[in-house]
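There are two complexes below, and they share subunit A, which is joined by subunit B in the first and by subunit C in the second.
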Partner chain A sequence: MDKNYHIFSDGRIERSEDTVRLETDDGEKKHIPVEHAEAIYLHGQIDYNTRLMSFLNDHGVAVHVFGWNDRYAGSLMPERGQTSGRTVVEQVRAYDDPEQRQSLAASFVRGSIHNMRTNVTYYNSREYELGGVIEELDNATARIDDASDISELMGVEATARRAYYQTFEAVLPDSFAFDGREYNPPPNPVNALISFGNSMVYANCVSAIRATALDPTISYLHEPGERRYSLSLDIADLFKPVLTDRLLFRLVNRKQISRDDFRDEVGSCLLNEEGRTTFLKEFEETLERTVEHPTLNRKVSYQYLLRLEVYKLKKHLLTGESYDSFKRWW
Partner chain B sequence: MYVIVVYDMEADRTHLMLKLCRRYLVHVQNSVLEGEISEGDLATLKGEIEDLLQEGESVMVYELSSDRLLNRTVYGDDPTENSRFL
Partner chain C sequence: MSDPVSRLVATAQGDAVDNPFRVTGVMMQYYYVCERELWFESRNIEIDRENASVARGTRVDESSYGERSQENLRLGMIALDLLEDGRVVEVKPSSTLTEPARMQLSYYLWYFDRVLGVEREGVLAHPTERRREDVSLDDDRCDKVESAIRGIHAIVTADSPPEATEKPYCESCAYHDFCWV
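Coming up: the complex of A and B.
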């Protein structure tokens, strides 16, 4: 599986000698092996030209841009290698069929609550008392089948997530007070970590969706058009507990990330460059970690799990094979 | 898999090999590159190396099935460190 490259420096990236070269404002030159790149993440101020874009297009490398306050600012995607009108038609049909949409949305909610629950059970079996949260999550799961429409499902998901966030209060040290999820902008370190981590999960899902012929704007749980790539939001919800949250607990509890890794501004708190590098290093390592897949009978990386999830959805849409969302099994 | 590529080229042609290998690997020292590579890419790279080579020049490719098998000690700066965080 190809790797993600992250550019924090300011400067310029260009095509040079058949690969990608970064020239920083300090005059340093660094190379990215293009044959080895899945996507390039731009966190700094970077110039580039159209020659680079065509080159990246030829190699199928995506560029994800992060702007002010680490907000996802958009992606430059390679021209679609995969196009399939039939897939898009089926995708829209499934959206338009209330029953099918409901069942897909329910599957997303079920998966994401399951994955939250796995995290809670893990910490509950250690020194923390989280039985109450588990109960609330189970109650939410029980309500999925009774939900009569999408907005009710969204409600179930939101209730579950609110309960789930109590885990953060319990598991994280007092110096990292959480006090509920807030963003735009995140007011404290924990929220900053969640926002940053989730935006990485989101961008990785955009890459995964783009590898298929599915249209990233047509989604089932989230309303299409709410944000640009709403299908990515559907898929990302399944993986946030596995990719962002567990990593966050680990980094804070092992003191790999400390209060010094953030910069505070009026009403907001964001990771500074050192903090982002620490987080991303571990995040990328997590993506590369592998688990034995029960049906494929081989080891797959977490990153490939994102890809598999999109393939499963596509298969469901094209063949009608039932879609069972990703549930952490290990 | 993990490979180390070492080459010896005519002085005015070294840049060609560097340019070729840089597409796949990290340049660690004059005439030395290393890094993770897939089997498919390695096969392609080997083919391209062979095409490029002229008489009197040589390239060595050391292969390991995984970087876990490699004991690597670096004195001074490590060019592969942070090669994905620029």
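Coming up: the complex of A and C.
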């Protein structure tokens, strides 16, 4: 699987012969090899032109743009593989069929809770007493099948997530108080880390979805249009505990990330450049980690697991074969 | 006219058919290689498997056309590798998957006979192994081709693909991860 490249500085990227050249406002020059790029992430103010866009398009490289407060601003997606009328028709059909939508949404919730639970179990077996959280997650799982509509499923998911966040309070040191999940803007370091990590998971899911000709705007658990690429929200929820949360616990507990890695502004707290660099380096390494796949009989990277998840959904939509969401098995 | 075989003949002869039906040589080959793959191909389901070591993706096309794809003789639904002294020659780089290749060739002979009204003999050639095998269209073979045409029709018109069953070539198939994840 190919690499992601993150650009923090301000400057400009352009095509230069058969590669992409970054020139920062400080006069630094760097090359980004496109043959091995999955996507380029722009975190700073970057200029580019159409010549670069068609070059990246030819090489199937996506560009994900992040704006103020590290918020995902949008993507420029390569065209390759993204047109399949039949796939989109089947995607919409499944959305329109209440039973099928419910069952897909339920599968997403089941997988998300399972993956949260795996994290809790991991820390519970260590030095933390998290039996209560596990129980709450199991109760939530038991309610999935009884949910009569999507909003009830959403409720189940929200209850589970609230319980799950107690783990953050327990596992993280006191200097990293959590106080519950808050979004825009994140009020403290833990929320800043979650927001930043989750937006990376989200963008990686956008790449995975676009590589398979599914339409990222048609989703099942989340309402289409809730965000531009709502299918990414469905898929990302499955992977946040695996990709963001475990990494966050590790970085904070091993003091690789400290209070100094954030900048506080009125009412908000964001990672500073150093913090983001540390987090992303480890995040990208996590994506490259591999695990033995139980049915493919080979090792696959965490990043490829995202792609496989979209394949599974696509297979379900096109063949009617059942979809079973990703549940961490290791 | 609901029999796929007569529909195919009528379509190939340019008759006005309500419901035209086409079978290419590659489809015939897929039918014998993997019915599920035939279903996927018939619907243009594209999977870009990125695992470079097995990025074959075109196992059947490669083996049937090789590098001479520009020189194919197109005759309606079929595309011949070559005609030699009036004999239909199908060239295979290797002798793995011989039966699918033999059936593809048999289909060409059948097509000559039923659609174009000429009898031809066939040769399956493996140049790398310096082996040639004569194939002719006897009654048995003819029945086999026609039942394959009906079988192909049933598969490509079905709402869902035949279940995945493990085969030695799954490992190198473009749909591997799609089937087995």
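Operating definition for what follows: the second predicted complex is superposed on the first by the 328 of 330 C-alpha atoms of A that agree within 3 Å, B and C clash if a C-alpha of one lies under 4 Å from a C-alpha of the other, contacts with A are read in each partner's own complex, and residues count from 1 in each chain.
Assume contacts are C-beta pairs under 8 Å (C-beta built on N, C-alpha and C of every residue); 3 or more make two chains touch, one makes a residue touch a chain.
Keep in mind the model is a prediction, meaning the values are calculated, not measured.
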Which of subunit B and subunit C A:Ala213 touches, first, second, both or neither: second
Touched partner set for A:Lys315, first subunit B, second subunit C, both or neither: second
First, second, both or neither for A:Tyr72, with subunit B first and subunit C second: neither
First, second, both or neither for A:Tyr302, with subunit B first and subunit C second: neither
Contacts of A:Arg86 with subunit B and subunit C, given as first, second, both or neither: second
First, second, both or neither for A:Ile7, with subunit B first and subunit C second: first
First, second, both or neither for A:Phe168, with subunit B first and subunit C second: neither
Touching partner for A:Phe178 - first (subunit B), second (subunit C), both, neither: neither
Where subunit A meets both subunit C and subunit B, residue numbers: none
Contacting residues of subunit B [partner subunit A, same complex]: 18-20, 22-27, 35-37, 41, 82, 84-86
Touch list for subunit A against partner subunit C, complex: 1-2, 81, 84, 86, 211-213, 293, 295-296, 304, 307-308, 311-312, 314-315, 318-321
In the complex with subunit B, residue positions of subunit A that touch it: 3-9, 17-19, 22, 24, 30-36, 277, 280-281, 284
Subunit A partner contacts - residues on subunit C that touch it in the complex: 43-48, 50, 159-161, 176-178, 180-181
